[in-house]
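Chain IDs A, B, C and D follow the sequence of writing; residue 1 opens each chain.
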Amino acid sequence: MNSFNLPACQVYQPEIRFVDIDAAGIVNNATYFNYFEQSRIHFFEGLVGRKWNWHEAGMVVARHEIDYRMPILFNDDIRIVTWIERVGEKSMTAAYEVLKAVEGKWVNLATAKTVMVSFNHVSGKSIAWPLQMSEPIAQFGTGRPSF
Amino acid sequence: MNSFNLPACQVYQPEIRFVDIDAAGIVNNATYFNYFEQSRIHFFEGLVGRKWNWHEAGMVVARHEIDYRMPILFNDDIRIVTWIERVGEKSMTAAYEVLKAVEGKWVNLATAKTVMVSFNHVSGKSIAWPLQMSEPIAQFGTGRPSF
Amino acid sequence: MNSFNLPACQVYQPEIRFVDIDAAGIVNNATYFNYFEQSRIHFFEGLVGRKWNWHEAGMVVARHEIDYRMPILFNDDIRIVTWIERVGEKSMTAAYEVLKAVEGKWVNLATAKTVMVSFNHVSGKSIAWPLQMSEPIAQFGTGRPSF
Amino acid sequence: MNSFNLPACQVYQPEIRFVDIDAAGIVNNATYFNYFEQSRIHFFEGLVGRKWNWHEAGMVVARHEIDYRMPILFNDDIRIVTWIERVGEKSMTAAYEVLKAVEGKWVNLATAKTVMVSFNHVSGKSIAWPLQMSEPIAQFGTGRPSF
């Protein structure tokens, strides 16, 4: 648990590296997607209950969308809340809110979504989600959590 | 001009760095947004006709969306075609196609859009596009070029 | 304190991001210097006792050297121990050991040094270390700690 | 040939990406090593005469050292001159100068060296340089070229 009253796997605290800040003095817009990548790994590892072998039964990113509201600064205290919005037979959509601690409240800096496709790296084709992935997600539930 | 029969500013050839390749053996999905950033700079420098002072009258990225079709590999010969899809009073939308040379043809690997907002870094507020930006764009024209 | 029995500021745990892994399946050799950058920030913030204003009285990196012994993998449990090896009037040398937890022992993966020069960003010249920097370092002490 | 009167493989022009610039307004000190990585690839591809298969008979970076003299800015016109300083049975040392065009002259911004070890990724051991690597280097010659 955490200050969001959410399972630990849903709340990721990115380390804002000095190098993440670009010439505009803010976290570069591309770097958010690396934070989301870490959020997803953190989420799925918590969900599936072990270090996930990404080389085996994998997922590929098919789509991203993001709306930026306010920038992330170097010393910001950031959390990313992640959830699964929708699960299809061969794809699913993850969603994220990027939140910043401002005077004891969490302010939304950005909202984003990622569509992932289940992928067998041996056959090179999209496949139905393996049970070890789909069952924990079904049990966990989908949709934006209250926080 | 180039093999696309487009103005030089619309065709950007990213250098695929070894470090751009991630553990999955492909260009990391976040890195595309750095390529698009370079594409936009290349486009606007060509359009405005000089090195643009990004610190002065700036633009901030308000939204990205991208659809990935096929991955970029290390030795791929890539071009990114950029155009302006829409210009509003204080915002505009850039669009991109990521293309790969395959047996003499350009194959679409990804399509993306970026919404940018005109921003005065001194006042910290969105403003109408300065003429030195809006006029060259109006003259250049908007919409996906034929290629 | 920590398992090294060292002050917290001397022990930094980098987050190994998926994107840090390159096409060779290991943390890219350049990324170590971003980890060291974070180590230094962590060290100096602990030493000086507050968020350091890097824009004000700054330091610039004048030299790096690093010896790589074994690679860092994605799921490795890494610590970086940092110390100040030498302080001159206008420069100092930081040193680092990169350590990996292997069966309950910390194994050395890499050793590195950074020479930093005290720099006034207003005058654009190197200057003597400000007291708020040199005094805490003198009090903390220099040289490789026992661990 | 080029303005340095050197073989093309020895002169690499890095693209300075916007994201390469860090919060200090200069190319981050770690990013130089990505530029050097590209320089080495450019050099060895020119030397060996084909796209090198880095997964096959590889080389691993064993040591880096770099002296920074002046920073790289976003719009700088940069070249990196690379040469092989020394070849041993199982290792070799590459050296680089980072040069910036200033009023028609090339000014040295940084000097660096990389020790690489010949490595068989199947056996996981260092091996003698394969002939397809050592012969072109012997023919090309070692040592800093005049420029």
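By definition in this document, contacts are C-beta pairs under 8 Å (C-beta built on N, C-alpha and C of every residue); 3 or more make two chains touch, one makes a residue touch a chain.
Just so it is clear, the structure is predicted and the values come from calculations on it, not from any experiment.
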Looking at C-D and A-D, which one has the bigger number of contacting C-beta pairs? C-D
Measuring centre to centre with C-alpha atoms, which chain is farthest from chain A? D
In steps of 5 degrees, what rotation angle do you get fitting chain B onto chain C on the CA atoms? 180
Counting in whole Å, what is the centre-to-centre distance of chain A and chain D, each centre being its mean C-alpha position? 36
Mind checking the centre-to-centre distance between chain C and chain D? Centres are C-alpha means, answer in whole Å. 25
By residue number and range, which residues of chain A touch two or more other chains? 18-19, 23, 28, 30-31, 34, 37, 54
Touch graph of the chains shown: is it line, ring, star, complete or other? complete
Which residues of chain A touch chain D in their complex? 18-19, 21-23, 25, 28, 30-31, 74
In the complex of these two chains, what residues of chain A are touching chain B? 23-24, 28-34, 37, 54, 58, 60-68, 71
Show me the residue ranges of chain A that touch chain C in the complex, using the header's touch definition. 14-15, 17-19, 34, 37-38, 41, 51, 54, 75
